[in-house]
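Note that chain A is present in both complexes that follow, paired respectively with chain B and with chain C.
And then the complex of A and B:
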């Protein structure tokens, strides 16, 4: 299968800083990829490059196109929801629907209306009158009605309450995602999406520091709950991280045989957030 | 729907166990359809591949069958087969530890039966 996104030596320099430093990665179709990193790590720059919204050095291929020179063609196949609301405040729901219907060849008005009918959004309502959650609902209705191959989500649920956040991902899985579509999502709310993801990428200081599919993650990394008397043995196996809970130590290991770890204590799959904290240690120091 | 997953077992295994429990409890009967992969993924907020993997294991164990264009259905004889394998598993994996514990506590059969909840006793 052809990769949806291929980056080779992708680099982006700003005046005083390097946002992406010789990045390589591939994203296959039918995947849901989480791009996770601390603030300023380069997530948004990477997404902007994929969408053709910023210039860069190196090679980047998105759906067989070059985002720099073939952006118009690319926009027929790609959708984007940003953390910064881009809908004008004066626009009404029906005007927004009319607009997208006129500019986008792959937009389905019926799909959009069906989605809107399940919300409290009325056709004459203006963006200015909506709560943040309602604006995201409108945005999602417009985007999900477009039959795009790649959906890019940059902090889509930022500032939303739990109800809207759950509904957002539920709608995506129920009504949008299938094997032919690919989703790239960045978020700080890792717990919320960790079971949805097929792949995980950690980005730090402009570099991809972890790139794995979720299944391999469970085989590669392990968290072990170790009693005090075994802690010294555990330390000899070069844990990535150690923390104390209720008089026991929790060690995080990378690439140590699970059967060996079982002799130390109870072995668990680490959560993405624990893995993230361990990987990013010292980022702000 | 909110659900907490256990970190020591892969989610697809936990999902499989849920379906198994539903078949044993009669919440899913033979010939009943399973909810679609998409529905389960959306309800539990998990990846569709995880759901497919759980369903595939049930197919491999012949508890569930795929009917082209219609989805997944509980097979005839699934409950019987499950009862058999679950009983065997209980006797092999759980009973030795339980037996050891009963011995340790000095609980005999007469006491256990006397203390058994009334409504479940009638099943045996």
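And then the complex of A and C:
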């Protein structure tokens, strides 16, 4: 199958900083890709380039189209939730649904109404009267009713409480996502999306420093709980990271044979957040 | 086409207050003020023992009967003007609404970042800008004309009823006025307004689309600063530059052409004499459309369209949200 997004030498320079530096990646259909990076690493710039919201150097192909020159056509197949609370404050629920229903060829009003009926949103309610969580519910209802091939989410749950956050990803996974759709998501709340991701990309200083699917991740990286007496042995294997818990050391290894690690102690699959912290060490230093 | 229709509709959802309620309220205020005037006239009249209608000892009914044809024309013209004056006031309010609408049209949604929502939909930037232009110079003026006509008619009727208390038949006065001619004048002015307002709408929307902050300041400061520079050179050099030309043909056209009727100033210099009949002729479409014969309206419209194209470009590529 053709890749949904192909980037080749994607570069974006701002006046005094480089946001994306010769980035290469491919995103296949039917995947949920987490694009994770520290603040200012270039996540949002990458998404903006994909959405045709910014100019760039290099090659970028999204669903066979160039986001710079064919943006209007592209937006029929691509949806995005840029951030929480970017719906216009004056709009009413009824107006938002009417408007999208009439300008978007792939929007299903019935689906949208079904999503809305499960919320407390009333048709005459204005966005300015809603809580942050309700705005996201409305936005999500609008977006999930669009049969798009690619959904881009940029920090979609920032500032929401845990109930809304769980509900958000659950709805996406259960009622929206299927094999024909692709989701790219950036967030800082890595723990919460870890279990829904199929692919992981780490970005740092405008470069992709890790690009793997979740299965390969478990094979490549390992976390080992090592007793103090074995710690010296473990250090010889060049761990990515080491931290101390209750008198034991936890080491993180990249590409070391699992059978060898088992002689050191208990081997576990590292969490994405631990891996992230280890990979990004020294970013702000 | 359907997208454009819904885009224009969206503008009305957002600006219902400015486009519909502002003219309606202005019209109502105008009527209330006139009513207060009539009532106070009547009250003062009866309190101080003279009749409002009595002129030279005659009452107003017999006075009207004694008027000759020329004087009747004068009365008709006065009624026409009274009817237009309501539209004049509403248009003034409307012009301010359009001015600030254009300044905010491509800026407000960048400031509150809701542009990201609009840009997540398959809508071209050209359609977006076009819908805002249509709302400003076509649909909003139609709303204004409707309000103005209704207010004008209501006012005529109000005067006629007031006079009927003094023995003047309602119809005898109303037939002297030319309400249909006035309605025709107002409706017919809309296309002319569209052309005339384009340079201001274009300039304001260009600033709205381009400015990172404070579009009002940029929109006003740039042309004024330029004008001051030119005037200053004008002072220094003896033959030099025509600064008055700049102020009138560039600055005024870039900032004040949203005020309706600006195209009438040519006609006003020549056509508006002391003769009452000339008032009726002046407020006619032939005077208005004579402006189409001048180059300035076309040059202005072309400049406006060019600036709108610039606004579309900035709307597409401005990357600050």
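Simple rule for what comes next: the second predicted complex is superposed on the first by the 284 of 285 C-alpha atoms of A that agree within 3 Å, B and C clash if a C-alpha of one lies under 4 Å from a C-alpha of the other, contacts with A are read in each partner's own complex, and residues count from 1 in each chain.
The criterion applied here is as follows: a contact is a pair of C-beta atoms (placed from the backbone, for glycine too) under 8 Å apart; a residue touches a chain by one contact, two chains touch by 3 or more.
Predicted, not measured: the structure shown is a model, and the values here were computed from it.
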| item | value |
| --- | --- |
| Combined model on chain A: chain C and chain B, fit or clash | fit |
| Chain B versus chain C as contact partner of A:95, first or second or both or neither | second |
| Partner contacting more residues of chain A (chain B vs chain C) | C |
| Chain B versus chain C as contact partner of A:276, first or second or both or neither | neither |
| Where the C-alpha centre of chain A sits as vertex, the angle toward chain B and chain C in the overlay (nearest 10 degrees) | 140 |
| Touched partner set for A:168, first chain B, second chain C, both or neither | neither |
| Chain B versus chain C as contact partner of A:221, first or second or both or neither | neither |
| Touching partner for A:267 - first (chain B), second (chain C), both, neither | first |
| Partner chain(s) touched by A:202 [first = chain B, second = chain C, both, neither] | neither |
| Lowest C-alpha to C-alpha distance for chain C against chain B (Å) | 26 |
| Of all residues in chain A, those that touch chain C in their complex | 48, 51, 53-55, 71-73, 75-76, 79-83, 86-92, 95, 98-100, 102-105, 139, 143 |
| Partner chain A, residues of chain B touching it in the complex | 5, 7-8, 10-11, 38-39, 41-50 |
| Chain B partner contacts - residues on chain A that touch it in the complex | 32, 166, 169-171, 173-174, 177, 192, 195-198, 214, 218, 223, 266-271 |
| Residue ranges of chain C in contact with chain A within the complex | 2-3, 5-7, 9-10, 13-14, 109, 112-114, 116-124, 316-317, 319, 321 |
